[in-house]
Structure formats: C-alpha cells, structure tokens
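Step one of this worksheet: look at the structure below.
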Amino acid sequence: MESMNHGLGVDIAFLLLAALAVVTGWRVFRTDSMVRASFFLLVSFIAVGVIMILLAAEYLGVAMFFMMAVEMTVMALFMVMFMMNPAGLNPMNMVHQERIAIGAGVAGFLVLGAMALLAAFPDQPVPAGLEPVRSLGNEMLGDSMLIFESAGLVLLTTMIGVVVLSSHRGRYGAAAEGSMPPGLEPGSDPAGKPEEDEEGEHHHHHHHH
Amino acid sequence: MFSELFLPVLMVIFMLVVGGYAVAVLDRLVASALGTPQAGGIWLAPMARGAWLLTQHANATEAPDWRAWRLAPALYLALAASGLAVVPWSASLVATDLITSVVLWGSVEALATVVIFLHGWSANSLLALIGGYRYVALGLSYILISMFVLIGVALPAESLQFTQVVASQEGLWNVIRQPLGLPLFLIVGLGMTFWGPLNLADSTDLAGGTASEISGPPRLVWDMARAAMLVAFSGVAATAFLGGWLGPWLPGPLWMSLKMLAVLSVLLLLGRLLPRLAPERCVTLMWVVLLPLSFIDLVWAGAVALWE
Amino acid sequence: MAVNRLHKLASRGSVPVFPVLGKQGDGVLRHLALSPQIELVDSPRYASVLLVAGEIPADRFEPLRRVHDQLPYPFTTLWFRSEPWPHLERVARIDDLDDLPGALVTVHRELMEGRRDSAHRLLPDKPPNPWEGEGDFGQGGEGMMGGVPYGRPMAMNMADDIRDGLTLDSLTFRLGPFFFALPPGMAAEITLQGDLVQTWKTQLAPYPQPLDKVFFDARERPVPIAEVELARARHHLHRLFHALHLAGLENVSLRTLRLAHGLSTSSTLDGLRRALSRSGFFRLTAGGGALGPEQARMIGGPAARAAGMDDDLRSEDAGYRRLGFSPVYQAEGDTHARWRQLLDEIDQSLHLARLAERDKIHTERAGSVETPRGPWSERRPADASALFDELLPGLEWGDALATVASLDVAALADQPVGARPSGESRAVGGGTGSDV
C-alpha cells in the first residue's frame, strides 16, 4: 500500500465508501419493502463503483452505475407490479429461508475473507501512459469485437421480438383471436381449449383419459 | 488543493444557481412572447416564487417513505450537478475531465430514472405513483436512444471523454457530420428531463405527477433540479454536437454559454408550442421511429469515421 | 430582517389559487385564468389560497374538508358567492366577480406579510385506519405479507388485464368531486392497472350546468339567431379552453378563452384552428373513447353528431332553414372527432350569426331548442355521466381524461347563467361576513 502514490483523501474515501457499501448491503435485508431493498442494493453497488474508479478502473466503475441503475429499477418495478403489495409501501418481511441464507453467507464471508488475507496480490503500480478504456476493450474483446457487437444486436432484437409476440395486442387486433394452442401430443387436440367451443361437441370423447 | 477540489465544486454550484435561474427566466420570456401574460416582472418572478416556496411548509401525506421522499429532489439535483461537472467550458476549464465522461452522462440518465421513480413512489399517493411508473416505462427507451447517439459522437473522437469529443469537431461540427444526431438527442432530452410535450411524469393530467404531493422547500429543490437537469442536458448537447467551446473571435466559455442558451431556447420553445404526447404514442415514437433512426445514425457515424 | 425580506419578496409573485367548484362556480375559472396575477393550480399542495366558488351541496362537505386540509401552511380560504361555514374564523366572502382577483391578491399578500393568520386544519391529523402491523417487519401477520398494517388489505384482486395480458396489481381509489379534470362536482371510483382504467364507477353526478339565458328564451319566444349562435360558440370555446389546459397547450387555451370573451359576429376561428392543427393537437395528444350509436343517442348534441348522426333541432326551424342551415357531422365519434366537430360547429355558428345579424333573422319554432349540450324539446338534456362507466374501461389514464374533457355529460340546470339559486342570500348568524 505504501508504495502507491495516492493521497490521504483516497484512503478516507475508500473507507467511507466501503462502509457505505457494507451498511446499505446489510439494510437490504433489514428493510420492510421491496422497493427500498432494491434501492439499498443499488446504493451499495454505486459505492463499489466509486471504489472501482478510485482503483483507476474508470470505465468499469461508471458502467456499474448505469447498469445497476437500470437493473434495480426494473427489478423494483416488476416486484411492485406483480407482487400484490400496493406500491410496495405496505410493510413486508423481506427474508425467508433464513437458515440456509445464514449458512451460505457465513461460508461466503469465510472464503472471501481467507482469500483477502492469505492470497498474495501483485504489487503493480498503474503505468503512467495507461489508457484504461482502450486496454479494457482489448483485454475483454480483442479480435472478437464484431462477434460481440453482433450478438448484442441479436439479443436486443430478440428481446423486442419476445415482447411483441407475448403481447395480446397485435398489429391486426387481438393476437389470440382465431389462434389454436398446439396439442400435447403430435396430432392431438389443442391443449387447454375450453370445451364449450363451436367444435366442442365433436371432440368431446377425446377428453376422457 | 484549492484548485483541485474547491474550484470545480464552486463552478458546479455557480452553474446550478445561474442555470436554474436562466431556465426560469427564459421559460417566462418564451411564454410571454407566445401570449401568456406574466405577472410581477420576468426577472423578479422566479425569485418571488422561490421565496414563496421557502415560506410554505413542506406537507405530509399518509405514511410516505419519508427518507426517500425528502431525498429524491436533492438526489435529482445532485445528478444534475454530476452532469454539469463533466461539461467542458474550454480545453482546460472543466470541473471533472473524467476519461469516461460520456458514459458518466449515460449513468446520470439511468440514475435519473431511479430518482424520478423514487420521488413518485415514496409519496404514497396515487397520481404521483402513476407518474413514477410512466417515467420508468418510457425512461428505458430514452436511455437506449441517447446511448446510441452518444456512441456516435464518441466514434470520431475515438474517446469517451467530452473534451476529446469537442476536439474531434475542430474541422466539422457533429451536427453536420452526423445530421440525425442532434434532432434525436433533443427529442430524447425533452423526454429525459420530462419537459413540455414529453412531460409525462409530472404532467397536467396527473395534477403534477410525481410532484403532485410536494410543497414548500422540497418543491423548490425539485423545480430547481429539473431546471438544472435541463441546463446540464443542453450543455451535453452543445458539447457533443455544436462544437462546445470552439468558435472564432470570442473566448471558449462564452461560445459554450451561447450554444447552451440556443439549445435551451429550442427546448423551452418546443415545450410551450407542442401539446403533451399521449404515453402510448410516445412509446411508439421511441421504439418504432427513433430507435431505428438512432441505429442508422450510429451506422452513419461509423461509416464516416472509417472514411475519414 | 432577512425573514421579513423573504416574506416581502414572496408576496410579490403571482397568487397560487386552488379552486373548489360549487354549483355555477366554473365561470370563475375562466375569469381568473385571464388575470396575470392569479395562477390557477391543479393540486391543492401548490396553492396558497383555497377558493370556494359557488354553492357547495351538503354531500360534498366532507371532500371539501379533506381538500381544505391538504393545503400546506400557511394558507387561507376565500368564498365566492358561497356562504362560508360558520365555524371558520375570519373568512372572506366575495360576491362580485370583478373584485375577485384583487381580493385574492390581497389575502395572499396579507398572508405572506404576516398580517393574516393561516387557516387551521378542520379534521384531526390521524391516519384513516389504525396501525395494525405486528411482527419484526410490521407486516402484521404470518408469512411475508398478510395482515392489514394500514387497515387496508393487500391488493390481491388481480383481475385479468384487458389490454395486453400483463396482469398487474390493481389499485382502486376515489377521485373527485373537486379534481380539476373531471366535470365540476363529479366523483368516481376507479380501478387502475398500471395506468390502464380497469373499472370506472361514477359515484356523484356532475352539477347541472347552467346555460346562457338566450336558450331559455328561445323556448318561449322568437329570439335573434345571431345571439343564440354566439352563445353556442362561446359555450363550445369554454369547453375547448379546459381541454387545452389538460393537453398542456397553455398558450392556445388562453387564446381560446380570449376569443370567447370578445366573441362577436366579426370573430373568426381560422387563427385558432391553424394554431391547433399546427401544434399537432389532433394527432399527438391522448384520444380514444369512441361512442357507439346507442351511447351517442343517449348523450345527444355535438357528441352524437361527431359520431355520424345528423340530428339537430335547428334543421326544423324555419329561421335556420332560411339561412341555409344543414348540420355538420363527423364519422369516427372519438375524442379527436369530437373536437373537430366542435370547431366545425363554432365555425358554423359564427357563420350563421353573421348572416342572421345582417338579415335580422329570428328563431321561429318555440317549444324546443338545440342547446350546445343537446336537443331540448320536452325534457332537458339529462345527466349522462353514467356513460363513462362503459366508455372509459380499457383506456389509458391520459386517454380517459381526454375523453372526459371532450364529452359534455352534465345535465342542464333549470336556471340560466347568473340566476342566483333560491335561498342563497339567506342570513347566516355568527358574523362570518366579508372582511376584505
């Protein structure tokens, strides 16, 4: 540590941010609302992101901000929208399967703590002419940039396609109109089809298994 | 120590105050030019309003999330400040010349979604909550488009740093080099700052949306933060597309201020001239029209960067 | 000292007023909107003065108390053509419309400069339901949720989504009777999923709306057609003003109002129409709410004509026939068609008024009249707010409110504009008279 040429301010900032990350991480499990839990987790991640910037990983740190921001918003919103709690403001118990969780937590802490104490970390000061963004890009993607970019685009298209397909509303009206679910076996009746259909009479005897 | 730590902070605070006031005055000027009479003098009215909000009490709702509710306006102001901190006023006059400042602006946009949702959610009130939901539903598309457009300006600069982006416009401003970029970015900017036609989070049909339940000092902070965010956005737009501090005769910071004022005026004028878009139309506009256009903009930017 | 200066500065701004509308109170909005000193606000949290305009019926006292208590301190109230409740201290009552803006400015200044005490809360400040939370997280029962910590059950009533199959938590709430985007006096119980209206139950019908006296006269005796048509155009312009405020077009809405105020046979609609179509009002804004034939017949008037019917009592009047009148109508019957219809009708009314004024033509058929609200022959147009219950489910919130703004559902009052409802001037003891 002494060999690095950073100031006292960086040390103080690191300690404060580390404390913030740990405290907000702990609050995730002690709060009583899903929205609060998600955003405590976000604060914890942001603190880690700032620590990464202090470690001269400027791209990774800043990327952490926006990735976690979007991720936690989506998570909070989906939980609120689907989990039957008026806007997540009614108090909820945020922990379950406590014994397993405690066990996993203790084990994880011991392993990581042992690594921090026992592993030999390289002592490499950041070279003066380092371009962190460029070197990170080369390190992670190298020659495969085109493949990764194409894969990213395909994923985005897939996501949009899935949303479009799963919506009940199609461009030409209700998507389910006139459609038939596939059968459970090849050539069998449409699955889960209500019996009082126009053709219900005809298929009636097939339904007795 | 002074120039490293305090000067940037002072600069950002100065921008927050002056910028917020400029937005308030400019918006009233635009309104009175369009035929809405303004009471009490255009220069004094923002101060009188601020003074009134300071004398008004902050109200309560039934069982809100107090911490989040009171923090959200301040956090939004802090985000606007972070945005202003990476806007360069000249090659050397910039509060934080982060090498990933373009990505930092992207994070500001993403975190703004969180803060706006939190503001609407924590009031424990119906119309505010709908406003928060609406912003999240639309915010994602704003962020995506804005990212693609900003990657476009990062390509010719071969850097994610705003100062480099400006330097790359020495010969030709990006507004000409990438003709789709600025219009796309301005529309997204209206959405991101939920202003005018894209003000769906704090809209009139929700009686103020996420801000419908706040009064007094929190409302003052929220209004200031919204104005400051608009200033930060116009700073980024001027930097990314209008050549930032570049320009003949005048000093750089002055050029930058003029360009920011121009962008601000366009945004405020659009805000007063257009009706509020229906949310569904807004979603269609973003995903069906603007997102493909931003792809084209990106491909265009890449092709031009290779050709140059 | 500094605090004094702050208060002095605060008193120099415009006056934020939250209007609570009683019967015949909505004219106040249109008067105050044109006063630059007054800022009409949509949320009680934004106001410094609560303006009670018009007589509030007893069944809306409780909501009024709740709205009253939502104004942040310091605030005060002003009652316009309405008797202040006797237990309120030092409350101002104003009866003259022209005095109102000045009085509002005065009470706000006095409040800011400390010469007037803030009003007090009327209701006790306690939650509507007792706290029933228990357990470590206050979740009030077994499991992750369960129990009713705020006296309210969890929203477990997940009805099928009627739009896209994405079933969300549904949220039931009551809105009105003082919500600015609903017709004055109307209240509804609404269930939303996301911002999609799942159910809409109109609980309080809007107040009957008074019309210009000329429509009442026209049933009795021949009246100048120019006068009838100008009153009709004015009524429609007033409705457009409210809708444009909702749509976020503040400048054009004020322009509409100014046109309505100075309306004469030489007025034209061209400028306003151009401003509207240029701003994209017909293409960009919220819409929907198409009426079926049955619904259109039920509401009648311009809304029915926007849905393709050409019923108009004016066609049966010889005076109108001499002016070459034939009804205009649209086909789609939705919100945007209703506004196009309204603009066309205003245009037509101005045209008819010009011709009728030149030739001094009077109505000839007594006993029935086509009011701006709909046909009035034997019976006055009745309240049609129940229409919303079937029309609004399935619309997004913005579309639903735009639809509400575009439909004139209130019944017709039995007295024209300006007629004082009987018994209003009765004396009330307790010294609660005007003190401004």
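For the reader, a short list of remarks on this structure follows.
Think of it as A, B and C in the order they're written, each chain with its own count starting at 1.
FYI, contacts are C-beta pairs under 8 Å (C-beta built on N, C-alpha and C of every residue); 3 or more make two chains touch, one makes a residue touch a chain.
Quick caveat: nothing in here was measured; it's all calculated off a predicted structure.
Look at the CA centroids: the one farthest from the centroid of chain B belongs to C.
Nearest to the overall CA centre, using the mean of each chain's CA atoms, is chain B. Here the largest set of C-beta contact pairs joins the chains B-C. Measuring from the averaged C-alpha position of chain B to that of chain C gives a distance of 34 Å. Work out the mean CA point of chain A and of chain B, and you get 27 Å between them. Distance between chain centres (mean CA atoms), chain A to chain C: 46 Å. Contact with two or more other chains is made by residues 80, 87 of chain A. The residues of chain B that reach two or more other chains are 63, 129, 133, listed in rising order.
Residues of chain C in contact with at least two other chains: 150, 171, 194.
Interface of chain C with chain B (complex): residues 6-7, 9-14, 16, 36-37, 39, 42-43, 45-46, 48, 70, 72-74, 112, 127-128, 150, 171, 173, 179-181, 192, 194-195, 244-251, 254-255, 279-281, 284-287, 396-399, 401-402.
Residue ranges on chain A touching chain B, taken from their complex, read 33, 35-36, 39, 42, 58-59, 62-63, 65-67, 69-70, 72-74, 76-77, 80, 87-89, 131-133, 160. Chain B makes touch with chain C in their complex at residues 31, 34-40, 44-45, 47-49, 51-52, 54-59, 62-63, 126, 129-130, 133-134, 196-197, 199-200, 203-208, 212-216, 219, 272-281.
Partner chain A is touched in their complex by these residues of chain B: 63-65, 68, 98-100, 103-104, 106-107, 109-111, 113-114, 117-118, 121, 124, 129, 133, 136, 139-140, 143, 159-160, 287.
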